[in-house]
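The following pair of complexes shares a single chain, chain A, combined with chain B in the former and chain C in the latter.
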Partner chain A sequence: MGVHTYVAAAHPNIVVAPPTSVGRILMRRVAIVGAGWAGFRPQVPELSFRELVYEAASRAYEEAGVDPRSDVDAFVSCQEDYWEGIAIADEFAPEPLGAVLRPTYTVAGDGLQGLAQAFMMIRSGAFDVVVVEAHAKPSDIVTLDGIYELALDPLHVRPLRPGNPLFTAGLDAVAYMARTGASRLHLAMVAAANKRMGLSNPRAPHAARVTVDDVLESPTYIYPMSQLEVAPFTDAAVVMVLASDEAARRLTDAPVWLDGVGWATEVGTGAVEFHEWGRMPSIRAAALMAYQMAGVDSPASQTGFAEVEDRFSFMELLALEELGVAGEGEAAAMLERGDLAPGAFYPVNQSGGSLSVGVPLEATGLWRALEAYLELRDNSGAYDQPRAVVASWRGPPTYTSAVAVLSAV
Partner chain B sequence: MAVEKPRRPGWVEPPGHYLKSREMYSLPGLVEYKPRARYLFSAGQAQSRFLRGLREGKILGTRCPRCGRVYVPPRMFCEYCHAPTTEWVELPGTGRVHTAVVSYIGTFRERREEPEIVGVIQLDAPGYVEGGYEFAGLFHRLCGVTPEDVMSGRAIGMRVRPRWRPPEERRGDVNDIECFEPIPEGEG
Partner chain C sequence: MRPNIFVKDKVAVVGAGLTLFRRRLLETPRELAWEAARQALDSAGLTFDDIDCVVMGTAPDAFDGVHFNGEYFADVAGRNKPTVRVYVGGGTGVFVPIAAWWHVASGLCKTALAVAEEKMSPAHPHPQGVFAYIWDPILERPLGPNLIWIFAMEMRRYMHKCGATKEIIARVSVKNKRNALDHPAAQAAANITVDDVLRSELLVWPVNRLDISPVSDGAAAVVFASENEARRITDSPVWVEGIGFALDNTHWYNRELAYPRYVNYAARMAYKMAGIERPWREIDVAEPYDPFDYKELHHIEGLMLARPCEAPKLLEEDWFDRSGELPTSPSGGLLGVGNPIAAAGLMKVAEIFWQLRYEAGPRQVKKPVHYGLAQAWGDLMQVGTVIVLGN
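Take a look at the complex of A and B:
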């Protein structure tokens, strides 16, 4: 069954655009021609956020072989003012990117949403080379709970003083397990696998040699998840250079193509009563949009691997189902069969995921895309289908997701 | 209950009475909320050294090796060349008022009795050629400059220097400079 039918049948709330409305846009192809990163530690106290971004940008420009002052047409930055502690923080974006007095704007959202903006700018034909940046310094935030509280509905949720809204992840996890039969053991298997896979990733400060038993026996954090199943925070910056196909062929012999992007938001943040508990239809809607652009009908057979949301262990399983990689309620069985391991049927989060790398706030999605980009750039020969699905969810208390399809061919 | 507020001449008190904030927020449809948002900003390589310099009574900047721009406050990279600024320079601290303003306006656009006089000081930077670039400078309070100095245009170009707080009061903060003050005739 094609993804189109599958999604529409499972989620009557998702309005599926007929393929022609999106699929008609078949102008130029868009490539990633360089990427850089900096930080990826629990704290980077020695650098300001500007210096962190400058470092990531320098690496991206070096790889792409571009001078930001003359070879880049526009810049997109991704962050949120309250994370930054700076109102109108988009004014701070140009400096470290080399974007002073150049077309620059900020997406107050996840880095994958910024990637989608750059994708559209290039496809429009108005821009040839566009840079996307996302960064986060959660270690600079003293009252993270206070900032989270600001994201809750001020009229009927904040007055309940619910504490850290990460509890909503527990509500989703319990509902997901009840619906699918996935057990605590499955969730722990996700965490143990991701924590170990991250040990070979230089961006993974939270990787660890832990077993499923270690995970199950670590203290309960948000039931049904233990401490090792909830990803900690990470300071990081990621910069990517995107180019049209003509520009990409000039800049590199081996571009990684960005063939589809999608994004969606469910009910408004704070309207916790209306969320479909145990599901994440925003991932499904975003995936559908991206798949249509990329010509993907069956992600598990037409792509080779995925980097997906796992800031809570259960989210990896739920994301795989919402992405159509696993059938409804079947992700746990894939995990049990070993299908998701490196070298197996469909490797997932070989980078170690957020459980190893952490959560760099709005840089999380762009970082997931970075991991997929590096794997396709360096190791595409290992896959029958050298294409990847990247899926990001902004985390509690939001219901916004973004999906991208990357390809080495 | 009437609230004492400065009023412009000719102000006619409207009918009714002012509410205390408690009374106002008890009205249906208004929900009070006080955010909790605290941060500890990592000043970073450049500004950390700059702030340490202030504690020692020094104004430090960085110079771009490509275009020669001196950055105060310093940056570890040149915004225009996207190149690392590898050289540190100590500035004498003296400079001239590039632009200044006398402002009587408050946050809610009410008129204040006492004005604030602030300006942008173009610092004397080694190697700076007038018009070469935007100049190294600091935004700061101006003291010893009167509203008349500003409004008459006399303040523009005025030679100024930092008035440092006593060393024991300095905290590695831009307020270690109390303000910039005019340099007496014949001294600068």
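Take a look at the complex of A and C:
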């Protein structure tokens, strides 16, 4: 089942010619020339969110060799008011980034959506160097569940008073398992594998040596998933510096290219009842966009590895199917065969995924891109195809996802 | 930022639509966004299927009372489309079209729908309460400031530095509310006098009730298209000539409040891109952000449409009237049409679009128009967002 046929009907106009086509000779390639991070702990009590961003930004600028006061054309900050506890959160974006009186704005969305904005800004020709930032301090949030409740449709869903506002993830898990025959055992295998792989990741405070039995026996959290199958939260900040190919060549010998980006919303949070339960069409639509831009027809043979959504164990399997890495209903079989392990056919979530690293709220997608970036920057020689697919879902109650294709060549 | 000679695709505005602006509309955010989008698409002869990408704007989520407020109505143009919400406080209404511009200029989207929605009425007892949470949580919030407070400080500073009196400043409110009488969506249109403004209830000196815009619900939408698409859709596309935006630091108390330098930086960016060197001569019609009457004058100066402190004198000479040399807020602005924050800024962009197409009806300014400008502002006296359109 081809990715293209599924989604082409959804938006026929999103057909972006790959960089080499005639008439698009001046299409600019976009590179990631530096990245920095800070935190990645369940709590970072000694730093405010501003100091956390400042640290991540300082590291990113050092790697990229840029001075934000003079070398950066625009800054994109990804955050949401209610997470920050500040009614106009973008007010605090410029200072930690060195962006005061510079073109700066907020994407009220995930860091990968911010990355997509930066990509378009550079492609437009009006900006050469754009910084993308995303951060979260969930440890500061006293009423996290209460805020999630506020995200539920106030007319149709909130009055149901669901015990756990993330319950829709459970509904999707049940529907996915029913459709594909994936079992609780498969879900537990995802969790155990990812938590184990995170042990070698300095950004993974929730990594652990857990067995499949440990996972199955831990208390149910969001049915049918147990506690060890749902990622906890983490405080973190991630900053990336993007540049046009001209600027990138000035700044570095080895950029990591951002060859494709895609993002899509299947349904709004005011219409979750229309979501295709047990599927994630937003990942599929986003992937189509990104693949067409990057010239990818078959992700499993044209890219080397992936960092995909796994905040909920079943999502890793569903994401692989929506990405076209696995055929319909076949992700569990790939998992069983060991195809997704490090060094195997198509390594997935070598970082340990969200299950090891935790969820830094709106920084999650940017963090996933960071993991792919670091692996391509430091270890591209290990792959026949030194390219990566990054896929992230904003999580319940949304049905918005984003996909990026990164390349070391 | 250098002049934009590398943009291969010009981007045009091909349609615009608004809902009514009212103190309280019974429609939900989803319905408001849809209604505005529907109007914009109808005016361009397009359907929702014709929209490739969606850019949303809505200011503090806390007004609507929905976390992830953008997600709430993200599917306004249909399923599985690329959607994103951009946000710079009060500057959002003019920033949404700026982001829509690069959605199309990058080549990724042939058409983009910019939609801004705001419902302030759900906030009880009064939406002003949401502004208790915009301050630095440690240094400022304990002082219990509110928005009208700090704008009173800015107004006072402007009056002192520029020698502008309340009488002169009040003329902006009179002008805009009168202009709004010709705007079909207007909430606060009225025939008032300077005396009415001065005698209205004092809120925080020197701000009286009629010096400020109302609280509103409403939505606006604007359709963008690449050059090829635009020429298929309409005979008179309006081109995006320049975009600019700048965000200052949070230390508003340390700023020279009499001059909005962040608006100036944003304007310079947009003018450079548009190739405009003498804005006071080349901009034919402007919609500067006017949540308070003095702000219009403040912003006119930041936009270099008048010299610093010159705007009040020009106002006295009817320079900014619809029949004047440089008409400002011919729509009636926020003071007259209403202030559903994000939608208000986009309403101003829509007005410039209609003015440049000579479709503004009774609001059409007297002189011929070639370049128009819309500007918004927000946060802690921090953000300037500017868009320059041309026909």
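In the analysis below, the second predicted complex is superposed on the first by the 384 of 409 C-alpha atoms of A that agree within 3 Å, B and C clash if a C-alpha of one lies under 4 Å from a C-alpha of the other, contacts with A are read in each partner's own complex, and residues count from 1 in each chain.
What we mean here is this: a residue touches a chain if its C-beta (ideal position, glycine included) is under 8 Å from a C-beta of that chain, and two chains touch if they have at least 3 such contacts.
Everything numeric in this text was worked out from a predicted model, so none of it was measured.
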Which of chain B and chain C A:100 touches, first, second, both or neither: both
Contacts of A:264 with chain B and chain C, given as first, second, both or neither: second
Contacts of A:137 with chain B and chain C, given as first, second, both or neither: first
Which superposed partner A:285 touches (first chain B, second chain C, both, neither): second
Touched partner set for A:49, first chain B, second chain C, both or neither: first
Touched partner set for A:62, first chain B, second chain C, both or neither: neither
Which superposed partner A:147 touches (first chain B, second chain C, both, neither): both
A:155 touches, of chain B and chain C: first, second, both or neither? both
Residue contacts with chain A in the superposition, chain B compared against chain C: C
Touched partner set for A:82, first chain B, second chain C, both or neither: both
Touching both chain C and chain B, counted on chain A across the two superposed complexes: 82, 85, 94-95, 100, 147, 150, 154-155
Interfacial residue positions of chain A with respect to chain B in the complex: 44-51, 54, 57-58, 61, 67-69, 82, 85, 94-98, 100, 137, 139-143, 145-147, 149-150, 154-155, 158-159
Residue numbers on chain B that touch chain A, as the complex places them: 31, 33, 35-47, 75-77, 79-82
Footprint of chain A on chain C - complex, ascending: 1, 4, 6-8, 28-30, 50, 52-54, 59-62, 65-76, 79-89, 95, 99, 101-103, 105-111, 130-134, 137, 243-250, 261-262, 265-266, 269, 273, 378-380, 382-383
Touching residues (chain side chain A, partner chain C) in the complex: 7, 10-11, 13-14, 16, 24, 26-27, 73, 80-82, 85-95, 99-109, 113, 116-117, 119-121, 123-127, 147-148, 150-151, 153-155, 262-271, 274, 281-282, 284-286, 289, 293, 394, 397-398, 400
